[in-house]
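These are the structures, in structure tokens.
Both complexes below contain subunit A, partnered by subunit B and then by subunit C.
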Partner chain A sequence: MEYPGPSRVATLGSLMGVASLALPWLTVRSSRLAEGESISLLGTANTLTAVLIAALWVVVLALSLRPATRMNAYALACLGATLLPLTLLTAGMGAERLLADAPAVARASLGGAVWLSLLAGYFVLHTSLSALKDRPCARRVLMLIAPGLILLLGLLGAFESLALSAEFTGNEQRLARETGRHLALALGSVFIGALIAVPLGIAATRHRRTERPIFLIASTIETVPSLALFGLIIAPLAALSFAYPALRELGIRGVGAAPALIALILYSLLPIVHNTYAGLKQVSPAALDAGRGMGMSNRQLSWRVEYPLAIPLIGEGIRTATIQSVGNTAVAALIGAGGLGHFIFQGLGQAAPDLILLGALSVIALALVLDTVARSAIKMLTPRGLRREGD
Partner chain B sequence: MILISQDAWWIWFLGSLFPAESQLLHPRASLQTLVLQHVALIGISSSLTIAIGVPLGILVTRTYGRPFLGITSDLTALGQTFPPVAVLALAVPLTGFGFRPTILALVLYGLLPVVRNTIAGLTSVPGEARDAARGLGMTGAQILLRVELPLAARIILAGIRTSVVINVGTAMVGAVIGAGGLGSPIIAGLIQNNLAFIIQGALPAAFLALLLDQAIAGVETLVPGNRATA
Partner chain C sequence: MILMEELTKRYGESLAVDTLSVEVAAGEVCVLIGPSGCGKTTTLRMINRLVEPSEGRIFINGEDTRKRPPELLRRSIGYAIQSVGLFPHMTVEQNISVVPSILGWDRSRISNRVHELLLLVGLDPAGYTHKYPTQLSGGEAQRVGVARALAADPPILLMDEPFGAVDPLTRERLQQQFLSIQKELRKTVVLVTHDLDEAVRLADRIAVMRAGKLVQFDTPERLLASPTDAFVRSFVGADRALKRISRVPVTSMMQPVKTLVRSGDTLSGDVSQVPRFAWVTDADGRLLGWLDTAQSRSPDSVFEIDAAQVEYLTVPDSASARDALSRMLGQGVRSIPVIDESRRLLGEVTLRSIEEVTAE
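On to the complex of A and B.
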């Protein structure tokens, strides 16, 4: 087999890694809101560790300049998988050492160098793993090493001194509660949205006259900014609950979860309607003919041929709607609906960078987890005849 | 738009809707200022997005940039999973409060659909078209400018449209970090429980988003080329 030339992505990654050696690794504050002081690599780690990290990046740079053989890809993948946890471990231990004699309110946050090293490590790992596409087993193992080690280090308490963990421990219960609320709002709205949107999508393919108005309304809603849509729903809801006190007793007020849920449902319509429509339109006429030839009625044709064949695209629409809903639910914290956006806006209000980070990272993590779950669910629900080989 | 920026019209309109509110218009800035601030946020961020995103998409589809194609598509796909608000929030610890972090977040997030669609558009150009152009004796630059970009224009424009619409929405939330714009009356209205303020921000913002969306959609129909599939 012929190997491609040197991996330029790995070269770029290692240059970023080398550059990170000169950037601040930690920011130490006397309290969580105070101005920070930047700490370099030598201030964070002992000389031996610092030299080790520098040496590893130089080796990555040297390897990336050589022809990309399989051995080379294995070596780069191992180095990338080592450097990612090593970077975080160094920062975590550095924070513990620096804060050892400091008062309890002092905080140590991750500096630019750590974030840049993580990106650099991702570059190296990504390119070396894609060179190992023909070795799926080794690839999977190498892919899991870095996250596995980082998780292990986290469980062993290596990051406990970092400010992000301090915010996490300080908000643990609230975080669990708001995550639940975020999930309920985001998933609940998509579920109700799907119950409305899938029939609408089917109607758009069956009755030509409904096609334009359905798409016009759904895409108009989608274009309106989320904060504006929340605002436009708050006003009539407030008026309703004022006029009918019974509604207020049900918890339907101008602000809170009710307007958020309504807006989120409206937002989930377009991706699902669009994909249901596209999914039904792409069913090949040959498949329908075959079904008809087998003596299926129109109803059977719909349920046993058309809908199953449209499932992958409908699922894709629901996935898109879910990701979008997770993001818009974060904005809904502004109208008092709760959810993980609470931490973001509280952090912004207090100008507490690590609380902002906690909120933002947990929203991102939630989006990524739901994305992965949705992708595997789609794969499982795809009819066997549609699965591509190797999937 | 002219009607929208007349304060007198708004006082009449909001007064008939909310007769009980003593204060109808957001006192800190006139609606015209807010709309201008919002348009400035979108204008600056979208220009930067296009100026960076389209060349980046072109770069990674050239022979010398090919090695970066995989990681660029994977990173843009991954980034699109991130909620825009999270990106906006992350820009604050980096650059502080105000206009700058909002622009930074809008540019970073806006880049994703533009880069993605530039790559999709350019890779959708059939190899025969490129071969024919080469057969006519065109140079690489000529093929790019006269064959590939025109054929990819629609898909690239669709990406720009997505990017602008997302940015109008994210810029609203930018009001929380002090970027001004049409989000500020909404935030003020939520804090002071004043429905008139909320409507004063929400209606023009919805209108602005629809207007920009339709404007770019109009440009899209003017250019020839492959239709956007995504």
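On to the complex of A and C.
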């Protein structure tokens, strides 16, 4: 049976994987600020491992060029799921070996090869899994093997010598605290934003004259770069808190969480207003006519027919706003609001690339988790009759 | 029951409906028909105030429809539209339950009503109550729409091209269903259609409209026999005779026949009284076939009509003169027997009798 396996992406992935063999795998520096030395694959791993990795990529390349069959998809998925943890393990072990005799301040960072092969492995894994859509159980297992193994290896200490881990262990407590702040800002702003934006979206559908101004304002806000918007809010807010000491008691000052929250709320308006509007507009006019004709009042029509039918799109709008918010909150650290951006900017200030990486990866991980949670929530809230097949 | 008095609807400069006055009696099916843009749908929607008249009034049972808030008015009027408009996020049961639950019926009363209505429209409750609209075919959705309109047992039913969106075969079945439901429930129905055959089939009286004005309001028979002006004549079409006889039941014009009876091996009956091609029945009067008496008088020579041939060599008693004519022409015969459900011979229709009916 022919599977619509997009093996061209797998081929691309395998080529990237092969290319990564030639790139530097680690960068070793005697201290955080010193010039780094690039280490190739052969410097990182022993010959056997190096040959194994190379061989695996070649096999992946070969498989990706063959016609797409179910066996092929399984094989590619397994190989991809193997190569991801294997790459990281190799780098981790290599770092441990290279730093064995080095002073404590020495750092071994992941090189371009590792990033490239992680991306390559992800391509291979993901596309081969998409060809296995009709086997949800196997698919889920294969999808979780790689992150599961990586997590396990991490807990067993395989990555301890990597600079990233060093940064992590040095900042564990702060990381937890800033994650909490980040979540509070991102989620809090979307929540308040939704409370404002959903009624605005409803108003835009009901009253023609409000449609233009609402969208105009929301779109304009969206075009202002985040840092600039933060800046625009700081001055008036500072003036306000200066004039009204009560605000200062509450913790509302010119800088810090307050201006960040306000800006984040403003940013979350457009996706939610837009999707609320679209969600209500796409409700079948026949259903509305029938509803009105059978004697539903406007309120009954809205609550029993329109709003339930608009939930999927409104949910998508809130999900989009949430992911956007997680990203924007990273910038808020610059004005003293805290959040995971703290590590990014500190890393920038100290020229410590792995600290930057720590912050960036945390933000990405947070976004992915919230995205998954949001998707499940939307699915659960969508009325039964509207769920598509396979949802 | 429904009195429309000088109804007018103006949109800017143009008149969608122009001083329309129509009275629909209780239990009557009134069909509004006319070319596109004649105002028939606007008129229908003025009855339940989805459109407010510019001038004129509507009385339902003597009460001006403007007296009550529109929502309350509409809850006592069933409304079924062409695109059905089922709520996609609700099951069939929930869809039908909408108006009863707004009216505050209790749960068991509603679920009994849903069960009863699904049976009425020809859908098996066990199979359909939990389905969602996306899982229904066009014909099934239309039936659910009608069930939903009838849910709170309103005395009046408004229908806007309810059978328009399905294929001809399903449409005919739905029309048949409608007629049998109407026979049982005797609702006051106002139905909009652009299909004259549908109007002739379903209506007690037809209101022909043109450019917002009422042109003729008559029974289908009178409309087809005497169209008032050139427009109606051309609207009704050149084959009005055929349309007319589609309203004449065979039972009203069939003639009694003398038959031969076959019991076992014997053939009894007065051969001198029967025509050359005589119908042969069994002892209970059930039609077995026919015999060419000129050729043979023997029971073995009876040409038997088997189950497969019954449909086109006979007409059921529920058929119209048009069905009989169609079959006679199809078979190249001049007469056709009328039988009941148990195949008992009731009478005969001939080409001559059809000519007589058409000539009236």
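What we mean here is this: the second predicted complex is superposed on the first by the 379 of 391 C-alpha atoms of A that agree within 3 Å, B and C clash if a C-alpha of one lies under 4 Å from a C-alpha of the other, contacts with A are read in each partner's own complex, and residues count from 1 in each chain.
Keep this in mind: a residue touches a chain if its C-beta (ideal position, glycine included) is under 8 Å from a C-beta of that chain, and two chains touch if they have at least 3 such contacts.
Computed from a predicted model, the values in this text were never measured in an experiment.
Undergrad: Per the contact definition in the header, classify A:A287: touching subunit B only (first), subunit C only (second), both, or neither.
TA: Only subunit C; A:A287 stays clear of subunit B.
Undergrad: For A:T47, select first, second, both or neither according to whether it touches subunit B, subunit C, the two together, or no partner.
TA: neither
Undergrad: With both structures placed on chain A, which of the two partners, subunit B or subunit C, ends up touching more residues of subunit A?
TA: Here the partner covering more residues of subunit A is B.
Undergrad: Tell me the contact category for A:I323 with respect to subunit B and subunit C: first, second, both or neither.
TA: First partner only.
Undergrad: By the touch definition at the top of the document, which applies to A:Q173: first (subunit B), second (subunit C), both, or neither?
TA: Neither subunit B nor subunit C is touched by A:Q173.
Undergrad: Would you tell me the residues on subunit A in contact with subunit B in one complex that are also in contact with subunit C in the other?
TA: In subunit A, no position sits in both the subunit B and subunit C interfaces.
Undergrad: Considering only the defined contacts, which subunit C positions touch subunit A in the complex?
TA: 48, 50, 71-79, 81, 83-91, 98-99, 102, 132-134, 145, 148-149, 158
Undergrad: For a test of understanding, state which residues of subunit A touch subunit B in their complex under the given definition.
TA: 4, 7-9, 12, 123, 126-127, 130, 220, 223-232, 234-235, 238, 254-255, 323, 326-328, 330-331, 334-336, 341, 344-345, 347-348, 351, 353, 356-357, 359-361, 363-364, 367-368, 371
Undergrad: Which of the residues in subunit A end up touching subunit C in this complex?
TA: Residues 284, 286-297, 300, 304-305, 308-309, 383-386.
Undergrad: Which positions of subunit B touch subunit A when the two form their complex?
TA: Contacts found on subunit B: 17, 67-68, 70-71, 74, 80-87, 89-90, 92-93, 97, 165, 168-169, 171-173, 176-177, 182-183, 186-187, 189-190, 195, 198-199, 201-203, 205-206, 209-210, 213.
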